[in-house]
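Take a look at the structure below.
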Amino acid sequence: MLLLEVKNLDIDYKTQEGTLKAISDVSFTLRQGESVGFVGESGCGKTTLAKSIMKLLPKNGSISKGEIIFKGEDLVKKSKEEIRRIRHLKIAMVSQSAMNSLNPVYTVGDQIIEGILAHTNMSKKEAAKRAEEVFSIIGLEGKRLKSYPHQMSGGMKQRAIIAMALSLNPDLIIADEPTTALDVVVQDRILREILSIQKQMNSSMIFITHDISVVSEICDTIIVMYGGKIMEKASTKIFFKKPLHPYSLGLKNAFPSILDIGEELISIPGTPPNLMKNLSGCRFVERCPFRTTLCQSEMPVLREAGEDHLVACHYIDKHEAFTEAAELRETWEAVRSRIIQEKEEGA
Amino acid sequence: GGKEVVGPDNDVEMGDLVPSITILSSLPEANMVNYEMAQELVEELQKLGVDIKAEPTDFAVLLDRLYGEEGDYDAYTIGWSGRVERLDPDMFIHSINHSDNADPGGNNTNRYRNSAFDALADAQRQEMDINKRREYVFQAQQILAEDVPNITLYSRANVQVYDKERFDNVVNIPGEGLFNEWTPMWINPLTEDKILRVASNINLDTLNPLAAKSVYEWRNLRLIYDKLVRLSPEIEPIPWAATGWDVVNDTTIDIHLRDDMKFHDGVQVTAEDVKYTYELFIDRKVEYFASFLAPIDSIEITDENTVRFGLKYPYAPFITNTLTQIPILPKHIWENIDDPNEYANEKPIGSGPFIFENFRRGEELVVKTNKEYFEEIKIDGYIFNIFASPEGVLTALELHNIDMVSYDLVPAHIDLIKNNDGGKYNHLEMTEAQDIGFFYIGFNLDREPFNNKDFRIALSYLVDYDLALDVHLNGYGSRGGGGLVINAANEYWYNPAVPIYDTYDPERAKEILEEAGFTWDSNGKLRMPKE
Amino acid sequence: MSKTVVSTSIKSFFTSKKNSQGFFPVFINNLKRDKLALIGVILLIFFIGVGIFADFIAPYEPRERHYNEEGKIRRLEAPSKDHWFGTTDVGRDIFSQVVLGTKTALTVGILAALLVTLVGATVGIIAGYSGGVVDAVLMRIVDFFYAIPFIPFVIILSAVLKPSIWNIILAVSLLSWRTVARLVRSQVLSIAKRPFIKAAKVAGASHSRIMVKYILPNVIPLILLEMAFMVNFAIMAEASIAFLGFGDPQKPSWGQILHINFVTGNSRSAWWWTATPGLAIVLLLLSIFFITRALEEVVDPRLRRR
Amino acid sequence: MLGFIMKRIFTMVIMILLVSTMIFFLFRTMPGDPTAFIVDPSIPKEARDQLLERYGLNDSLWKQYTIFLKDLVRLDFGNSFFYGRPVTVIIKDLIPATLILMFTAMLFAYIIGILGGAWMAWKRGTKLESFGITISLIFRSAPSFWVGLMMILIFAVRLKWFPGQGMRTSGYTGETFREIFLTLDFLKHLILPSIVAGLYFVATPLLIMRNSMLEVLSEDYIEMAHAKGLKESKILYRHAARNALLPVITAGALFIGSAMGGLVLIEYVFSWPGLGREIQRAVVRHDYPLAQGAFIIIASLVMFMNLVADVLYVILDPRISYK
Amino acid sequence: MDTMPLIQIENLKKYYLVNNGIKDIFSKEKKYVKAIDDISLIIKKGEILGLAGESGSGKTTTGEILVRLQEPSDGNIIFDGHVFKANSKIEEKKFRKEVQMIFQDPYETLNPRFNIFDTIAEPLKIHGVKNRQDIYDRVIKALEIAELKPAEHYITRYPHELSGGQRQRVAIARGIVLEPKFLVADEPVSMLDVSIRADILNLLKNLRKKMGLTMLYVSHDLSTIKYLCDRIAIMYLGKIVEIGNVKDVIDNPQHPYTKVLLSSVPVADPDYKRQSIIIEDEVPDQIHLPEGCRFGPRCPYSTEDCKNFDHTLFERRTDQWSACIYNEEELRK
């Protein structure tokens, strides 16, 4: 059963310099119990996408097109009050800066209880009990509920936030880089907890990170974003064996792994596109080693490239050649000189 | 080497440049007219090529300069207020012009020294015969008018108001205005409410006669405490708490007390009280009266109701100034007080026409009439209301909250009341009394160019006396003139026959200077006559 | 302690990627959008013009008395063709006085602000950068000045010194550098922690070089902003002191005009005499406040409208 | 916490001593004869010298200073030259008037400031906000004494709604605090000066509240609160306003301190019989002990309020602790 | 190849005095954060040493002391044969020329008011290079080594006109323009996107090749350390707990903390089944450190004996030292 269906979503930010197209034409689906990981470079629109689902976009941001169908209803069309009732109860969020997401002047317990009371008829006592329950689920002592945020370590705060998100058994958890600021040891533990709880509760999860190894460990599906668009979507297993999009290929090259033995890292030259401009072709065109004129004029749509595998590239068929070439340093060096050259011409 | 060329050749032939002059003037908020007049004089003198500037100076700083050891000043503006005791000419003739007082610290801050004048000033002081004394005073005025040791700019008028719908029979005295010692005693209430409400814009601070410093404190204290002699509205000394006095000789005076006087606590007033009080004031060095008490040599009780004062030297103002001022204190209270100077005296007990009721600092003093007093008083008492600023008084007058003001209205308010916009001041009667005090520009006669009499005379032609009176005082006051110290309002002592320099005529000033040998150099700067 | 909102948030000016553009371009850009700031600039230019050319603009000598055809003094006349702002109780032209007062206000404002920011910024930079004992000592001095109530102190100081605008400037400066010092210090503290300062140290830059070449340019926007506040503060202080009667009576200033108006008992009847100098103060200060608002947006990008 | 307060009080005492020392020497360098306003200039020089003697003004500066310090420790500021009464007594009489005016004005300023500031932050970017800011800046630009004059002109002289000066209608007598201060008459007198002072003060809490509110509104926990599906009003009051109030309140305590001094002008214009007006007069009259005493009291109040600000900060913000 | 040590650290300590609360003014006892507590290290010429460890373990502090941004509380640093004792003045200029540092945040390391040329020329100017041509040539050369080519394109730009990766290169160019012998890189890539991270890592790698640079590379990211470094030192609460060749340490960790750390690193391979060792995630209070082994309270293997342990490093395998009283075998039990 489909829990969430995002269709042709466009999100704009109004800025002093003009309109910034943070998300353009993004579509994806999420099944009950499925966890999907969003990865991509900084500024590619991951947070924007997450926030749009909860309709938490900043004042200057707006959904200009598209539908977000959650349990059969289009969230875009819902009123403020209706959205408010869905938030936390149905869709809960663990935000990017969990560290600062707790109000410093209230105890952690109060803040969890407050969330519960906003959506149920529970008494304060019951809510407190529930808070204790979720605290124990994520491995914190109940007495910690009385702590103020500043009395807790980063890892504990992060867990408290997760506990908060779980307190009403939401259908969907949106976790925006919940572990980025944490140590590996702590991160590891929290990831494990998230994973086990999500499986246990059978909620769906949208997990945002820039660390593909994290996705590989905890998500069923991976979505690679670039410049406000989805470049590739696949089940994690398939993706890590056989990424198809040139950008994904580049990412894999650039990612050092603790298991690797002396393979040389190759980065993707260039920078992400300026979303302020009106971009017509493929978003990755500037940095793509395999581009053609077609790529420059036409944005490829997300296409089926196998079971559970969607790719937005005009040349899916050539992926084998691409994969081979992508492992070579020269391929990417060529891009670098190309970019420099283009700049010079532009200047 | 070589010759220094100062200017065209004939400059060298001339006298010295007139030194640069600083007039220490009042600050505008302290005395606007003085301030303005000093500025005017500066402009006039600048036109005549004198290097001069005005320096508005804080009053305390001014006094420091005038009375300090250094005597470092050229000219200044200041004034003498017209307190009633100053109707006696001694203060203005002797204190401020006698050469004895011309040293640092003395009141003769003009450093005026004229032996002929000194002789007259001494003579009037010691002459107990009033007519002869008047003759001396007249002559002294003549000399001052010729020598112009200072230039009197103006005298203020005491413009005050009272509520004519509620009271009549008020007394208006030069130098004192409406709230004098007679008005509360004689005023006649026209309505059932027989409490007189007096407005003041000056604070009362203490009711201790030994600590009182302001005129306003005294104006109230002298109604609570009685005095041996009071000055009548015509400024004649009349025995009050005394039945009379005998001038035994030039230095011995007997005072005969009344025998029907009681303090407010019921205790009889005796000669002991009088002797005690005078000795207390002398002993305690009460600054306010120090100069009046200085001549007293001895005080004796000669019989039950007679006190004999022995003087060190003949002192003509003894009755008019000394006896009219010292309040009689109850010995039985004061002898038990450790430090009378610092005593709070929160419930003053006197023997005067009014009995103290209540005093709240900064707000009001309430007194009721002494029904057992030897004179009949028609009101039931009065409230002395202290206002923070004249603005408040004006509002209170509009609201009929006040029956009388005790200070001189500021010109802006005089106009407002006169215009009587909308008839809101219909109930008020405005009174005017000339002040015997005066404001003047004084000079340091020890310094050039003020040591030059002609220069001073020329200066007196540079002062626009009409401007001061008509523009700055709005007409409420009287004109000044060179060397004028006894005001026409002081009818008895004023010598109308003396011609004084009191016209504004810059051309004439120039002529006088030229005649006196002053010259202008090629830069237009005024130079002193060549020796 | 007194954290001005400005100081706490300034840090982000430099850290934010988009806003590291120059100070003035952003400001000018702001002017285009912010009408109030534009009004402020225009008004300020107007006042500065009036201040510079005051002697030409003022139609009369400020002390000149005016008489009517019958030779009577034009006492307390309401505004008219001849006297735009009316006359005083001795027939003086209030318009001329107000115009000349502009000069005084601007002189005091600008000089005091310069002095204050100079001292305050120097102390702030030295304290913030040096840290340790120097910082502690300087900050105790700042604390000391914070404990002194402003107006009463300036009253006393102007009474001790002779009444003159120079002494008012001195008095204002003596007490106000503390604010600038503290704000600058806190900003310097945060700048000094930033890696580019560390990098400079690693490169071997001397302390003075770091202070002058690295820290100073980065606190200049804040200093400019504070300077604008100080101009206002000083003008207000001068007016207040003069109004209380501690000003220089021979120097026409707005506070002085109001003081004379008040002490001569005309503040309740001659509205034109009370209103005009006050309005001048309001307009001048308002113009600078409008400008500081735009400046503030430059210094603190979070205040900017997107 | 107690230790912290103790330490702050200790530094405060040191500061008061320093400030007092400074003010002491400042006054001694003041030119002018302090007797000028106490006695008539016509009195003989000897008498004036006696007066100086009596006030100890002829002693060496050092001796005067040690006496001053000794007295200060006993909270004795000496006798006022002008009033001849102990300065402490005079100040005690004046302080209630000042404090009442001050707190009324602060209350007025804070209620308007906080509500207005929060509202302006909420309405950010709208015309209403610009309007609000402009109004508050106008009052910040207008000298309080001038606004006072204009208010008197309009409300007291023209409209006659309120009395324009003083603290009480003359003739009213009352003895106890209640009789003096808790009357309708007193309230009527209080309204204009406290509104004027309040209007002048209002910009501070208003702008701090607005900025602080803006800052808080951009905090992550506000977004989190939205994400929790809390009601808008709850977010505004429970999360945003509560946190935004922190700096406003602490700034408020600090501000009371500095506003103390600023009241001089308002008291002067409204002839309000308070400490501020008295300090102005005392300086004019060269009444050192009184001016000194009043100044030290005001300075101590300022410092005390700084202390209160620090303590409040600790109490209100659980993040800071001095345990 | 056994080369000379370039830097040798002996018993280095850095204690920060913390004024934690006002009560302290009444108590004599002073409280310290022991950011570095008695560590000794050797960095050989031409070697890249990786320094890893939990947040707050003292990595940055160590780096900053090495470039003398901070004074050590105690201990010696022997740089290129010169001994620098704690609190001793050193020949600043010469030292400054030979030791440089690169910081974590690419947006913060450059003065926003300097253009790129000024930024890189600054160290030269400080060190008295006056000839303008000389300066220009060296700036260009440094930029080219940092692979900002063509260099002329960049020199007039301001930092905000560059991308994160470019800024970090500029920072590196500034670091190498004086041709130092030793470079401390404090998490130079942790703020960069993955796609550009590799560039910087490669650049650092090449610097050693081109300039023979010795380097201390500070990071909490073991993957990048593995990629870049020859040897690795693991820090825990101000102590070095393990040190050895990168490969050895990662493949055969000897210290329990290293084991935990390694087991926690996520791996980008869905098929790889990682066995995490789960431990208490609360780090002990830095002021009140546990007795004996600092890792003791969290250590899955800890025993009573650990409470008396003084953090001596034992050579458990060749050139691989571990500060644990138990060797591999004992741990296995």
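Going by the order they are written in, the chains are A, B, C, D and E; count residues from 1 in each one.
Heads up, the rule we're going with is that a contact is a pair of C-beta atoms (placed from the backbone, for glycine too) under 8 Å apart; a residue touches a chain by one contact, two chains touch by 3 or more.
Quick caveat: nothing in here was measured; it's all calculated off a predicted structure.
Touch-path distance (fewest steps) from chain A to chain E is 1.
A centroid comparison over C-alpha atoms places A as the chain most distant from chain B.
Inter-chain spacing, taken between the CA centroids of chain C and chain E, is 49 Å.
Taking each chain's centre as the average of its CA atoms, chain A and chain C sit 51 Å apart. For the pair chain D and chain E, the distance between mean C-alpha positions equals 54 Å.
Look at where the CA atoms of chain B average out and do the same for chain C: the two points lie 46 Å apart. Contact with two or more other chains is made by residues 159, 245, 267-269, 305 of chain C. Here chain B touches chain C in the complex through residues 27-29, 32, 35-36, 39, 54, 56, 58, 390-391, 394, 410-413, 415-416, 470-472, 474, going by the rule given at the top. Across the complex, chain B is touched by residues 31-48, 50-51, 54, 79, 82-85, 93, 152, 156, 163-166, 168-171, 173, 271-273, 277, 284-286 of chain D. On the chain C side of its complex with chain B, the touching residues are 63, 65, 73, 75-76, 89-91, 159, 163, 245, 249-250, 259-260, 263-269.
Of all residues in chain B, only 58-64, 66-68, 78, 80, 91, 95-96, 105-107, 197, 199, 205-206, 208, 211, 213, 285, 287-288, 290-291, 294, 341-342, 344, 358, 360-364, 366, 383, 385, 387-389, 391-392, 395-396, 401-402 touch chain D in the complex they form.
Chain contact summary for the complex, chain A toward chain E: residues 41-42, 153, 155-156, 183-192, 210-214, 216-217, 236-237, 240, 250-260, 264-269, 271, 340, 343-344, 347.
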